[in-house]
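Step one of this worksheet: look at the structure below.
A, B, C and D label the chains in the order they appear, each numbered from 1.
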Amino acid sequence: MLFLKLIVLTTGGTIEKTYDESDGSLENRETILEKEVCKRLRLPTTQLEIHSIMKKDSLYMTDEDRHHILQEVRGYLPLHAPIVIIHGTDTMAKTAEYLQAQLGPLSVPVILTGAMRPVSMQDSDAFQNVTESFMAARLAPPGVYISFHNQLFPAGRVQKNKDTLTFEWKK
Amino acid sequence: MLFLKLIVLTTGGTIEKTYDESDGSLENRETILEKEVCKRLRLPTTQLEIHSIMKKDSLYMTDEDRHHILQEVRGYLPLHAPIVIIHGTDTMAKTAEYLQAQLGPLSVPVILTGAMRPVSMQDSDAFQNVTESFMAARLAPPGVYISFHNQLFPAGRVQKNKDTLTFEWKK
Amino acid sequence: MLFLKLIVLTTGGTIEKTYDESDGSLENRETILEKEVCKRLRLPTTQLEIHSIMKKDSLYMTDEDRHHILQEVRGYLPLHAPIVIIHGTDTMAKTAEYLQAQLGPLSVPVILTGAMRPVSMQDSDAFQNVTESFMAARLAPPGVYISFHNQLFPAGRVQKNKDTLTFEWKK
Amino acid sequence: MLFLKLIVLTTGGTIEKTYDESDGSLENRETILEKEVCKRLRLPTTQLEIHSIMKKDSLYMTDEDRHHILQEVRGYLPLHAPIVIIHGTDTMAKTAEYLQAQLGPLSVPVILTGAMRPVSMQDSDAFQNVTESFMAARLAPPGVYISFHNQLFPAGRVQKNKDTLTFEWKK
């Protein structure tokens, strides 16, 4: 049987915020992607490798944080497996542009995704977005992309729209 | 804003079986794709057009039924929009081959999908498979395919495996 | 801390039917009450003791089966803990009457419940009915009852209504 | 057919907090009990009457707020229907004691409940607690109670435990 390796790097973001019943806060505490999303997917031929490399709301990501993500991506590129990065939506477009500028030529797609509503909530778009990004990882040509709400955007051509609560082509 | 039309043709199959509380039967009675799957997806730029063209377990599909599906697909091709066909898994590979043989050159992808477990049940793979097929409809080149469990197979190269409960490359 | 023991005897019924992805059948195969219902309940002071004593659609329950249930109930009565019996709906009223006639004086409530839709399906009433029966087990006086859809009926005064898909007072 | 009226008064609390996708806040904005809980319950013989009388985190409830709740309860008592009050957990015990002291003799149970986790989140205890409170409303004698996690406590005998994240008997 043929297996396709897929690297997933989680950095936090709304998608991974969890609720604390003692104080009622909703924050990035631990990675829950594997437990809450991946184990509900049927991936009979996918070798999933999940690494939690950061636990941050992307509003508070620094240049140093982005450099750290870049280093992690660089470390996994020699495996020639597609890479999905779970990321907060607020600065996802910025990180995508940065990665594209720094990474140079690629042999695989590097796809960023996240969610408008935490995966721990009813009606979250997390399951949809992650599922789509995993399919895009199978089908997209090498490059850096944002996958969101049934669309795949090349880095540099995409922005978050805070009114429509989704991503759109940059004007 | 740019909208992408997506045609969805439902034919029944396990994915759309519903439970009758009076007699305890699980059968194809009505199309539930829209209510149970599509309305839970966020598709801000997708113009979804859903048509229920058949309500059959694919085990009982006849040559005539396949011809009917072919005619429906032909009718929608002039819209130049990708087409997703919801179909039972037992003869999905056969219908895909038939469509490929009959349709000739295409300008859009025609993607068949379904599920091993009805969408009306917990742990169904319906939501995953439909989500993936909608993303594949955005990304795949023109052709006839089966999309299933994070894989996209060209028609004629794919078969159902009743032991592993998924689709696989045909030997 | 004060703990209240609660005995749960599962006999099968619609509530515990599971789906086989190979052949598409929906049948009583194993007890799933603990995994699918009880582990989702918060019962900080309840000592739950679950025993699977039968795996039957209640349509096919024989007099011998009912005698077996009676013997099991009798075996647990000396613990002075309320007993909940998970049972198919079709002959639940009959089993309740039989138990009441045979058991004689009681020191705890014995409560039968089940569901119109398997717990493995979306929109099942299983979680509601089990939750209600566990609360009734805390509050009801000694006796044999059917708990269903926010009602508690004494054995002998209750019947299934196949049109309204619930239980009702017997005329 | 016999119908039982049940009055539900919602005051807000964790149970009804909703998520704002623009700013990521989790707050009491609107009553969601009917849509998210009650419509998923099967209540064939219950005449449910839901009134949203406040939208507050109970940490911020004032004496005036409690007086307002009291006035609302008094207004519905002449209907001789059980009353369930949806309330934040932090001061639920205080409101229960206040109502008991002020209300005097009762002909129906008045039952307070809520949740440790918002109903809008996965693994919320809201559905369980509301289901239990509706069953308790059927079975409990007249009086003021807190219903929570499969227990029914008389007002004045109960306190929240912030470590075990539930309610317990007051020492």
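Here is the rule we go by: a residue touches a chain if its C-beta (ideal position, glycine included) is under 8 Å from a C-beta of that chain, and two chains touch if they have at least 3 such contacts.
What you see is a predicted model; the values in this text were computed from it and never measured.
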* Asked: Comparing each of A-D, C-D or A-B with B-C, which pair has over half of its contact pairs in common by residue number?
  -> A-D
* Asked: What is the distance in Å between the mean C-alpha positions of subunit B and subunit D?
  -> 45
* Structure fact -> Per the C-alpha means, the centres of subunit A and subunit D lie apart by a whole-Å value of 39
* Structure fact -> Taking each chain's centre as the mean of its CA atoms, subunit A sits from subunit B at a distance in Å of 27
* To do: Going through subunit C residue by residue, note those that touch at least 2 other chains and give them in order.
  => 116, 123
* To do: Quick one: label the inter-chain contact graph as line, ring, star, complete or other.
  => ring
* Could you pull out which subunit A residues touch subunit B in their complex? => 1-2, 40-46, 116, 123, 125, 127-128, 131-132, 134-136, 138-140, 147, 149-152, 164, 166, 168-169
* Structure fact -> Counting only contacts in the complex, subunit D reaches subunit A at residues 14, 17, 19, 21-22, 24, 26, 36, 57, 116-123, 162, 165
